[in-house]
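Structures for review follow.
You will see chain A twice below: alongside chain B first, and alongside chain C after that.
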Partner chain A sequence: MLLHIGAFQLDVNSQGVSSWHRLAPRTRVLCAILFVFATALTPNARWETWLVYGGGLMSLIVSSRATLSILLKRVAIESSFIGVVLLGTLFREGGTVLWQWGWLQITSEGLVILGSVTVRALLCLLMLNFLVLTTSISALLHALATLKMPPLLIAILASMYRYIGVLIEEFATMRRAAASRNLLNSPRGQRLVLGNMMGSLFIRTYERGERVHYAMLSRGYTGLPCVTEDFQRRSQDIWAIVSLILLLLLGQVVYFL
Partner chain B sequence: MGDLSSLIFWSGLHGVLFPQLALHIPDGFLSLPVSLVTWVMAIALIATALGRVKGEHQERTVPLMGVCAAFIFAAQMINFPIPGGTSGHLLGGTLAGVLLGPWAGTLVMTVVFIVQAALFQDGGLTVLGANIFNMGLIGTFGGYYLYKALRSTLGFNSWRGMSIAVAIASWTSVVLASVATALQLAISGTVSLTVALIAMLGWHILIGIGEAIITLIATSYVWRVRPDLLYDPPQRSPLPRPLVQR
Partner chain C sequence: MHHNPIFIRQLSYAYPDGHEALRDIHLSIAATEKVAIVGANGSGKSTFLLHLNGILLPQTGEVIVGELPVLAKNLRAIRNFVGIVFQNPDDQIFMPTVWEDITFGLVNQGLDKHDLHHRAQHAMYAMGLEPERYAARIAGNLSGGEKKRVAIAGVLAMQPQVLVLDEPSAQLDPRSRRQLINLLANLPLTQLIATHDLDLALELCSRTVVLSHGEIVYDGSTAAVMNDAAFLEKHALEMPLSYRKPYCLLADRPSDRPHPATLGAWESRG
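This part shows the complex of A and B:
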């Protein structure tokens, strides 16, 4: 799969040299999925478990020499949602009351939930961002295909990824045209122009889809996306999965010690 | 695109994709049972939608669904002012349903959520099922059938029936999706039900107004220019008023 028309480069560190980079993309995706599911589905207040997971993830990130500044910046931007839980913490009952002001109160139980949800979300964000940072998108899609995701869905995903950049560019062009004609002055005008823009972009998109379809047909497309299966099982991939599972189990066991 | 410019673009993209109290639930917010149940429903939904769309569009499926998903993705990034001072962005569920039909619309929305979760971490992986359930099934599928029922009762071929149906359906779909999100957060024990409902509803009743206005304007453009592209095209004269006001 060649996805060279992508508009943004997410995989800044995909050309690195480390044992993580030497793993097949399929193994990396599998590791990330296992890690995220294990982390996100661990019940509240299992701090030791997350300490083990976080330690494992940190050593992985450091050993693969990913650009930490980019990784942390992305995670920071994506962490704005924590406000929801923060808000919920202020109104929660149960446990001992640590702080109270009118209706607002902070209880020990509220803090535990806030901490647990934050740690879980941060660990998952770190893992997934690390995966996207170190693996190119074509490799990711190919890995998903070898992991038995429906080929039709993969083909749609790939085709969408190709055109995101094109459509964002087209939107920006229309917006510039509207702004240069002083059409975006009042909020009402903005809504009208942006709404019409979306309608017109949909018509262009639909027509583009038909043109793309004819172009694909003329190149011998028969309706079935082809997925090349060139994955071979290597010992390092098996070792990676096994050691990850051991780490995940260790994390769960530590809690009961 | 160079590293720096792509990063600037990328972080700008995120600022836009992430409004406060968004409907995209991140990882770690939902408990195991809630994740599991919504995943099972989401997988069933994706499988059915893939089958239906494949049957309907044949070998046009890949290019058409691909560009339409990219369209929804791009449309979701546009910030527009909402009456009342704030700004919001489109969810696009009802828009996708009205333009592409329930199955293709749901599939397109699902593809958008998968890309947002897998590449942009906008919404988590373990909660992808819940996000697809909230915004794909309730937002798109529910939105489409509400729109269709309203349009049939109010006058299928008149712009009046169409406009009222589109506006009500898109507002309701956003609000219902936010209620579903609040319920899932509450069942998981992350936020108490009243707080979740007040926060989610209070914000999305407002967001829904913006959604309704933009969806209405976008569909009115398609209705006037290319009514044949609508999933349920009107039968009679498609020009209720001239495009340019004289």
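This part shows the complex of A and C:
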């Protein structure tokens, strides 16, 4: 989520009208968590299971009219970060050796693990990005609160979301100031100035944190944020959870057919 | 409303590095009085304001808010009594959306849903923020003037009896500044306004306290001190622009001599 925060409009499709949008944010978060756990806990090489999960997820994405280009772009950016981890799974031992160069070898087992982990990661990223794309951040935070996530953790997430934009803006201002004094002309100068800017940003963050804490205290903050969200269970939310569980079970059953 | 909401006696405060930020402050502020706190950078204005709702506790002397001394055990009541609007709205608006930020203090006050909605909406309308348009806005995407209004609405929603503002006109364009002055002029609350904007102080506050190196060097009529160029210059301040307008007749020129009221205040301080 934080990788795209510079864009500032994370929930591009949160105002849509579809059965997914009609669900309570808490139900959407619950569905996403169930889906991610079911996908991640499925053993390796169960391609049929993931095909069912992927089909279900794609139909959900299409029916809720989420902007596919943005969704795929975000998944692509995040995939580049987990690419290094994925590559590491390729060189596992076991099975037939398909290619070897010195101690480096690619085996059939390695290929299966790489494929399985890649499919899992892609499905999980698609689901989580779809959730963030279609649900406002404030609704997500409230949903996490109603799901009994520790309030302090939610307060930290909320502050991160609120202030990362301010930090980016401060960093950009410092960068402009450095560029206007010709301090970013050489690669060495760039490294030096950027390092100093990071340090300065860290100090400013600390000072700002202190001022924000003062502002919170002056409005009655006592250490733990209060949660006011009251959740009403509706039939459509129950149906959504039941349907998801049926889909997940179907995916597991398909493997044994 | 309490008739004498703030009473300060012999207040001193030094930071851990030994810097003495406040020295022997005596002050009494009456209900609905509007008082400007002026002084150069580092004169102790912000440190003084932070004592008013117990963010900083007095090291020596005492601060009494309403009937309660500023002590750790009274902080909850004191923070409902005194609302502080900080200088930089980005420090004050810490929740992701406008609605969440304005209701932050109300949630901490333990209000029920109905009262919370009523008070938050009332505060938003008072600050010219229509709830339908602004409630769901992301706080980080507001303009400087909007942020300032949201910050004040968040404090007003808590219905404090004393409103403390730190540099309220900083970062505002002329129109937003004018709107803010009009709003503060019509708010029937006790107000303490720390500012470098002496025109704002002159327009809003009948009384001014000048701080210099942590000490009160003047406490009296705003009009009198703003007319005293030599005194203001001595304490790294300047006459307000409105006092320095061109004049047609020599008789209308600003006086070089201190105002009699100012002289009286000096003499009384010995």
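Just so we're on the same page, the second predicted complex is superposed on the first by the 219 of 257 C-alpha atoms of A that agree within 3 Å, B and C clash if a C-alpha of one lies under 4 Å from a C-alpha of the other, contacts with A are read in each partner's own complex, and residues count from 1 in each chain.
Note that in this section contacts are C-beta pairs under 8 Å (C-beta built on N, C-alpha and C of every residue); 3 or more make two chains touch, one makes a residue touch a chain.
Treat the numbers as computed from the prediction; the structure is a model and nothing was measured.
J.: Considering only touches as defined above, state whether A:Ile137 meets chain B (first), chain C (second), both or neither.
T.: Once the two structures are laid over each other on A, A:Ile137 reaches both partners.
J.: Report the partner of chain A that touches more of its residues: chain B or chain C.
T.: Per-residue touch count on chain A favours B.
J.: A:Ser159 contacts which: chain B (first), chain C (second), both, neither?
T.: both
J.: State whether A:Ile245 touches chain B only (first), chain C only (second), both chains, or neither.
T.: In the superposed model, A:Ile245 contacts neither chain B nor chain C.
J.: Does chain B (first) or chain C (second) touch A:Asn129, or do both, or does neither?
T.: first
J.: Quick check for you: in the superposed arrangement, does A:Phe37 touch first (chain B), second (chain C), both or neither?
T.: first
J.: Regarding the shared-chain residue A:Gly220, is it in contact with chain B (first), chain C (second), both, or neither?
T.: A:Gly220 contacts chain C only, not chain B.
J.: Of the two partner chains, chain B (first) and chain C (second), which one does A:Val253 touch, if any: first, second, both, or neither?
T.: Neither partner.
J.: After the superposition on A, what does A:Leu72 contact: first (chain B), second (chain C), both or neither?
T.: Touch partners of A:Leu72: none, neither chain B nor chain C.
J.: In the superposed view, which residues of chain A touch chain B and also chain C?
T.: 8, 137, 158-159, 161-163, 166, 208, 212, 216-217, 221-222
J.: Tell me, which parts of chain A touch chain C in their complex?
T.: Chain A reaches chain C through residues 8, 136-138, 141, 158-159, 161-163, 165-166, 208, 211-212, 214-222, 226, 228, 230.
J.: What part of chain B is in contact with chain A in the complex they form?
T.: Contact set of chain B toward chain A: 1, 3, 6-7, 9-11, 13-15, 18, 20-22, 24, 26-32, 35, 46-47, 50, 54, 58-71, 73-75, 77-78, 80-81, 83, 90, 95, 99, 107, 111-112, 114-115, 118-119, 121-122, 124-127, 185, 189-192, 194-196, 199, 213-222, 225-226, 229.
J.: Where on chain C does chain A make contact in their complex?
T.: 50, 53, 55, 76, 79-80, 82-84, 86, 88, 90-97, 100, 103-105, 107-110, 113, 116, 136, 138-141, 154-155, 158
J.: Under the touch definition given earlier, write down the residues of chain A that touch chain B in their complex.
T.: 7-10, 12, 33, 36-37, 39-41, 43-44, 70, 73-74, 77-78, 80-81, 83-85, 87-88, 91-93, 113, 116-117, 119-121, 123-125, 128-129, 132, 137, 140, 150, 152-153, 155-164, 166-168, 170-171, 187, 190-192, 194-203, 205-206, 208-210, 212-213, 216-217, 221-223, 225
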